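Below are two complexes that have chain A in common, paired first with chain B and then with chain C.
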Partner chain A sequence: MAGQTQRRKRATHEGFLRHRGFLFLKIGTVLCVGVTAAYLFQDQRLPRGGGTLLGYGLGTAGALLIVWLALLGVRKRAVTNGYYSLKAWVSAHVYLGLALIVIGTLHTGFHFGWNVHTLAYGLMMLVITSGAVGVWAYATLPKTLSDNRAEATRKQMLARIRSLDEALLDAAQPLPRIDAEIVRLSLEKTEIAGGYWQRVMQNWDNCANKAAIAQLQPVLAGATGQQAAVLRRVDALMRDKADALAQARKQIHITALLEGWLFVHVPSTFALLAALVAHIVSVFLYW
Partner chain B sequence: MSELFRIAIVGSGPSGLSAAAHAATKGISHILLEKTDHLSDTIFRYQKGKHVMATPSLLVLRSDCEFGPARRETVLERWNADAARAGVNVRYNAEARSIAGARGDFTIALANGDTVRAETVVLAIGTQGNPNLLRCEGASLPHVQYQLDDPAEYIDEHIFVLGGGDAGIENALGLIADQAQGNIVTLVDRSADFARAKEANVKALFAARDAGRMTILSETNTTLVEPGWITLETPQGAVRHKCDRIIARMGSAAPRAFVEAAGVRFTSEARSAFPQLTGAFEGTTPGVYVIGALAGYPLIKHCMNQGHDVVEYIAGRTDLKPADEPILEAKLKDLPGALSVSEWLEFLRSRVEILHGLSPLQMREFLLDSEVKAFRAGELIFERNGVGTSLFGIAQGAVQVEIDPKDSKVTVPIPQGSIFGEVGLISGRRRGATVRAGEDCVVVEIPRTATLKLMAQVNEARETVERVTTERQILQIFKSGLTPADLAEVLPLAKTLEIKAGQPIMTEGEEGDDLFIIRSGSMVVEKSVGGKQVFLSYVPAGSYSGEMALLDGGRRTATVKAAIRSQVVRLPGEPFRRLLAKKPALLARMREDVASRRKINAFLEEKKDSFGGVVDMYSSVASFLIDQGIGEATDVLLIDETLCVGCDNCEKACADSHEGLSRLNREAGKTYAKIHVPTSCRHCEHPYCMTDCPPNAIQRGPDGEVFISDACIGCGACQRNCPYDVIQMDRPPPAKPGLLAWMLFGMGPGPGEPDAAWRDKKAKAQPERAKVAIKCDMCIGKAGGPACVRACPTGAAIRVSPEEFLSVALLERGQG
Partner chain C sequence: MTQTILLRTITRQAGGGEIVRTREIGGPDAMIGRGVNCDIALPDLSVDPEHAMLRITGQSRVTIESLTGEPFQMNGKAVLRVELEVARAPVVTFGSYDLLFGQGGEGDISVTVLRHPEPHPAAPSLFSLRTSVFGRRRTAWVTGLTILLLCLVLPLAGGAWINHSRIHPDRQWSSGPLSKAHAFLEKDCQACHQQAFVAVRDTACLSCHQAGDAAATARIDARVLREGSPFLPLLVSDHARHDKLVSATPPPPTLKGKVVSIFQGAMNHPSDRCASCHLEHTSRPVDRNVSATADIVRPGKPALVVVTDCAGCHSRLKMRLPSTGLIDTPDWNRHPEFRPAVNLGFDGPQPRIERVSLASPQLEANGLTFSHRLHMSATGGVARQGQVLGAARGYGSALTCQSCHRPEGGGFKPIEMERDCGACHSLAFAQVGGALQTLRHHDMRDVAGLLRGALAPASPPKVDPAVLRRALAPGGLCVDCHTVRPSAGLLGAEIAPVRLADRLLPWGDFNHGVPAHNGVGKGAAACADCHKAQVSDRANDLLIEGVATCKGCHGRTEHETTAAASGRCGECHSFHAPGQAPRTGQDRLFGVLGLPAGVKPRGIPTF
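After this line comes the complex of A and B, so read on.
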């Protein structure tokens, strides 16, 4: 009965960038300063580059760091029972990943050329740049995501569109065939999400619901009596649907931005790992 | 004169049916009266295909009907066959309305006017009760019904659903689910809002109305029913509508009134009280017996055993050992003293004060839930800050309470017969002191639910627990070397009050010097600053309030009101001040508390001038969180939406650490000032979900986690009782291939909850598992703590306790 466990339960309320009072930013800075100092104060008579003692050191450190940075993908998904904090991992990932710019660059001794070595370097910079874009996205977009959804879940957004569709179908029953075609356009041809670029660019000009509203206007203007009442209801429903679509699409848009950079970050990580292996192998072969 | 049966059994549930089958097998003249046209209506009404569970598995089944874990259909078929084979004399559509007479000649009046005579009556009517009937002219017309079995049955009808509770709303939504059925549905409710129903249901209801798919009439009563028509009294006046069918879902009346009318008394007024029974199930009217769920035994196996036993008792047997004997034997076998089960029961009953009022039958049931433990002198019983909500009674020996956290030598003894551990029981919070055995002793540990049951059943038990609790809680809160003797003057004047949510216990500017101890629930302290109510602080159970006016005189400087339904003890100011005069240590301690509370007030007032907006924000965020039930939570998941990127890694981690089902719905739930309270268990101080769980499967773990054990039978009661909608009924999906297999070879559905298609495909290959209740268990037993928080990449997901979060920390957040 008396066995109160000593589990760690709470995480402090600090985002990944500020984690533990910018601990990893501090570590990363110290690392960069130290490495730069070593580079500057090394024996001036020796050549610079990966072949020196410092070069080997920095290269090894860089390679190990890259492997560890890449393991974030595993850490994120392996839900083990012991204590870890993915937030702490990401915090270290960001700041130590940035420190890699200094470590990697000084390792090369600024010897660049059209070879596999420079390819590895280029890929590394690509991964880092995309990571920086990701940090920008993570730091700025959540607020808009939250504002846009206003407590609605993705499921509810879709359900709202669906129920408006049902209401549209109902409302359109008394319409003659030719007018019902307009409603059918909105019901059957409206695409909510579209392709990835469409999501990022928010290009919904060809939205069927929008077209349907446009086509309805002249019909509505000419209608009278009972007919006009039905068309007004249809028009109102399609405008509600346009609002609902706009909300869902904005949600999809922001999500696409929040994930999009990973489509560069992760594949180029794999390419980097391959190029790095090639670099290291070639360096030892041509020794 | 009609036939006089030896036994009339009312109700053909597992208990009544088992009784009738045993009577039939023994050749005793009997009649089984069943209200409906089939056996065992409660089980008949389970969801189609439900797995009926046969717990506790240790208990042997003693019945002439068979029973084991199986699907609902199988169980019912078997029982029908068993009843026929035994030759049970059953009468269907025979609802008993009243029972008159005395042992030897009872007359049972049926709803259709017939009467049945019997020497003894066994009441086995369960706890489902009877639906409240529509009371207006025409209410007995055939198109008025009280249940909706299959909404798909009705086509092109004008249907009125009466009652805005969950049942009514769910029925109404069911009827419009398929538009092709073309039903025109109206929901009628007496009240203006749908306060009794779950939020999700109410939302769906309004959505359906807004989509023009049904009509809602609130503040409306039914006044007349005619074939094809209904007349309603609405706030706008009377209206008459075309109506083909009326579905009345206006709640049900507990069967208690019926039982009491037969002369059987209940143990107390409490809603949870049971009839007063002897060891042979006989009530306070000789010849009337009560068994099954109504007698307090909600599991089918218990019910069936009692059906068998009650017939044996009526037939005159006295030496029958109850079927739970082996379980009790196993429980008691390792204890010193080599007593038999009944000797143990008597030993405990006579020695522990709060058990004195129990009957032998109640003692048995009580012991099934409780544990008897022996401790050697000096052995640890529980530790300060440990989580535990059970109560202990001392049957032999005495214990020592270490009241000073710094010095374990300072102890207070508690003698044999008394209780301890009661503070955790009342407030649901951590243990306030370490307790060791003072000498070799035997104690009985009573889980919280069993204690509450005990207090509802036995008045003396309730009074004793309350008296002891108040005294100890005061000693514990003030510490400062107080002894029970010091409180002799104050305590008799103490008054326990029930405070409704939102009700103030003191109001700013008012006269008053009483001191309040918060026994359960919690309070918020507010002050009017610049014409606005500003949230000052949160006072959890186990603290006190009102000390400023008590010490310094003058009027109340703030308003203190209940965040949730709470219980407080009011101590009058005058005698307490005399106590303070005698105890300088206590006075000094209270002065310290006052000083720190003053500081917060001053800080806020100062801020208010310079950063008015910040304080307003702080205050409104606090009120929002309290509205979301944080005031009764012990640990709640919050999401900071300025950080959340919507990756759902929290949900995936939850699913992957819990058999593939996420217990968290991140998106659902309310948000204010970018603080989001997702739909996930709050681990309430007094969990509503625990109240009606038949197998007692919901418990509190060592870190305060409210979790559901394997004993769950999937009845769904907890799901209905949880006000925060965080419990789902589901079956765990089949196991997935490992993470590496997915990462390297793309095998399986990947991290997170597998989609329905994959589940269906996989499930075919495996036997189907039963649906059980699923909810957050705060990752109980996992060394790293809750997975949702660990797995959040941005730090958006945090778990907090209300004391921690509803503090100045929140204010700092507002600034930074």
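After this line comes the complex of A and C, so read on.
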């Protein structure tokens, strides 16, 4: 029981980066220093690369590491009784994955070319780089996401936009067609989220609601009487909608950053495993 | 009977179900529009406040006409006016509303107003990227399988399916460019990688580089040129049998080396292959600062990594190779005294050649009597004869070394009696019709046959055996130069076999053509520095100096001598051409200059 309590405490107060006092950071650092020293002190006469004893050693270690790192995808889906916790796995995944940069690069001996071997290396670096973006995202974005949310759930954000749309529709009923078209632009053409790059780059400059507000201003300036009152109401509603959209889109952007790296990390991991198999088989086939 | 319009408005509820409101519109007309005062009010911003007028025009017939010039939809077409027969249940669309016409009870016209179902409202899943981009899993599998197909399956299948194509999918497996010497094989991986999962074996290398007889060399040359090589392959031999080389190689001195050795053995990647030292697919030259053999840096050729250098094997060699007769040479300073291969006598016609040390010189049994001192003297009969013969016949004064030893390449043409001695030492033995009959010296069978009268000329002279006996007797014609020994034959004596040594040091290369060996340049060695011929009275003196003479220049610094030269093994010995110094790219380059047009050079000529 005491053990379980302790584990829970750690889980509450310690993220995967700081797991067990940066244990895996230390292991990864020792690994990097060790292989770098071995690389620098190896037989100077031989061309450095995968063909030396150290090269084969680094290659084997790197390949095993890559397979083990990829198995995180399996491990995270498995429910275990708490030993070898998922957090420990993730911590090791991060730091040993970063150590792979050194292992893999020294394995190449800095020989690069247009071949399957460099393809495997490039994919490995892509996987690691995207993973590093993921670590950054997981370390920094959840707080931003939470701050932006301001107690509102995603459902509530969408409901607010929807209710503003309904109010806008009601408010615009007295308007003549020409003015109603502006409101329709906001109601019918506003896209909340958009595509991958739009989400990642926060590029919503072509927002229909924003365009509608801009188009409404000259009309509002020239309006009088009852129409002016309606237009002012419409304008206010569209500005409220713009605020609601901004909040939702901020949430969408942060979510995209949180998830976006995985859309590179996972497919490139599969590509890396395939290139790794091709690399190993081809090296030994044409030994 | 007056027809009326019955309006049914159906509103769908969010939780499912519908609310139906029915009312009757008095009069034959009904205004359709967004305005709240319209008879048929459609709260849609794409509909004008007073958009169109519905009129009953006859029994079950109505017209709808736009009042604003804005169209509405009828069967998917934009129209401004329509006439409808309600019996046909037409549908007219204004914005997001459908007006369904039908026959009401008692001849009335029924108009049902139905709003289009709203598109699905945005769901919270909208916040996730998954709604906007490709599926991660599918992309992962597609990418992975594509790479596997293109980078592994295709090259594997390539050998079987598209072998003769210009496309070589297995080239993507090449870990780096081949050296210039082998660049023509870039598209033919299997020229060297002959067996799958087996490291490149010597048979692959020797299929192009094995030194052999002329026919074998011609076959190799033709094959290599067919493959597209711009030059002929260098031909190599080992300087000892392969098993001896392996036995002579010392084990790695370091623990790491031993581990590497065990590892290589376990991986079927032995270190005694050609490819163990000659590395391909390495784009960068090997570290030039490493001292190894003379030609470690060889532009255009595969990188050379000397796994074990000369001294590595030739130190304590007898411990590893008890059968060897070689003396250890750990370095140039400890190079043993020369042991020339000397003919010590004849077993019948066969010379008995042994290696003897110059430290305890022995005489060479070459079957000749000859005094270098006499022939090279600046005074005396020989010198006078040289003057008599004159410059036109290649003499003119006292004899020099070159009077008889005519340079050719790095050595000399073989001594030929008729050419090199015949100007003075006449072989005439008879006179027939005023013309002298001369012996043909170069073949003893001819000489004997001629003297017996068995060969041409057609009318052989009768030779008195007494003449021959005189020739073989002390002071006779033959005895001037030949060793004569007793014989059981008719003449009672015979000329001993003659063997002039071609090379006294067959395992080392001494290039007489090098200026520094030729008396050209400051401090250079002249003939007399190494060959004490001018004081030699016997033909069987070994006229070479010991290794100490070589060390006068080789292994010295420029501070010590102006003719300083390297003390590396490669100055005189090469691994793959026993008895020859390694040829450099420059040697080959100058060799190319002398080639006739169209003849390919052997080896890549480089600086």
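Observations on the model:
Here is the rule we use: the second predicted complex is superposed on the first by the 259 of 287 C-alpha atoms of A that agree within 3 Å, B and C clash if a C-alpha of one lies under 4 Å from a C-alpha of the other, contacts with A are read in each partner's own complex, and residues count from 1 in each chain.
As a convention for this text, contacts are C-beta pairs under 8 Å (C-beta built on N, C-alpha and C of every residue); 3 or more make two chains touch, one makes a residue touch a chain.
As the structure is a computational prediction, the values presented were derived from the model and not from experiment.
By the touch criterion defined above, A:Thr255 reaches both chain B and chain C.
In the superposition on chain A, contact is made by A:Arg154 with both chain B and chain C.
In the superposition on chain A, A:Met125 contacts neither chain B nor chain C.
When the two structures are aligned on the shared chain, A:Val79 is found in touch with chain B, with no touch to chain C. When the two structures are aligned on the shared chain, A:Lys87 is found in touch with chain B, with no touch to chain C. With both structures placed on the common chain, the touch criterion links A:Pro142 to chain B but leaves chain C unconnected. Which of chain B and chain C touches more residues of chain A is settled by the count: it is C. In the superposed model, A:His19 lies in contact with chain B only, and not with chain C. In the superposed model, A:Ala275 lies in contact with chain C only, and not with chain B. Once chain A of one complex is fitted onto chain A of the other, the partner contacts of A:Gln173 are limited to chain C, with no touch recorded for chain B. Common to the chain B and chain C interfaces on chain A are residues 153-155, 170, 255. Only residues 43-47, 49-51, 53, 56, 111, 113-117, 119, 153-155, 158, 161-162, 169-170, 172-177, 180-181, 183-184, 187, 192-196, 199, 248, 251-252, 255-256, 259-260, 262-263, 266-271, 273-275, 277-278, 281-287 of chain A touch chain C when the two sit together in their complex. Here chain A touches chain B in the complex through residues 1-5, 7-16, 19, 73-74, 76-87, 89-90, 137-138, 141-143, 145-146, 149-151, 153-155, 159, 163-164, 166-167, 170, 255, 258, going by the rule given at the top.
Against chain A, in their complex, chain B makes its touches with residues 179, 207, 211-213, 380-383, 385-388, 390, 445, 635, 640-647, 649, 652-653, 656-657, 665, 667-671, 674, 676, 702-703, 739, 743, 751, 778, 782-787, 789-800, 804, 809, 813.
Every residue of chain C that touches chain A in the complex is listed here, in rising order: 34, 36, 43, 45-46, 48-49, 68, 70, 121-124, 126-134, 136-137, 139-141, 143-148, 151-152, 155-156, 170-177, 189, 193, 196-200, 256, 259-260, 263, 269, 279, 282-284, 286-287, 289-290, 292, 303, 305-306.
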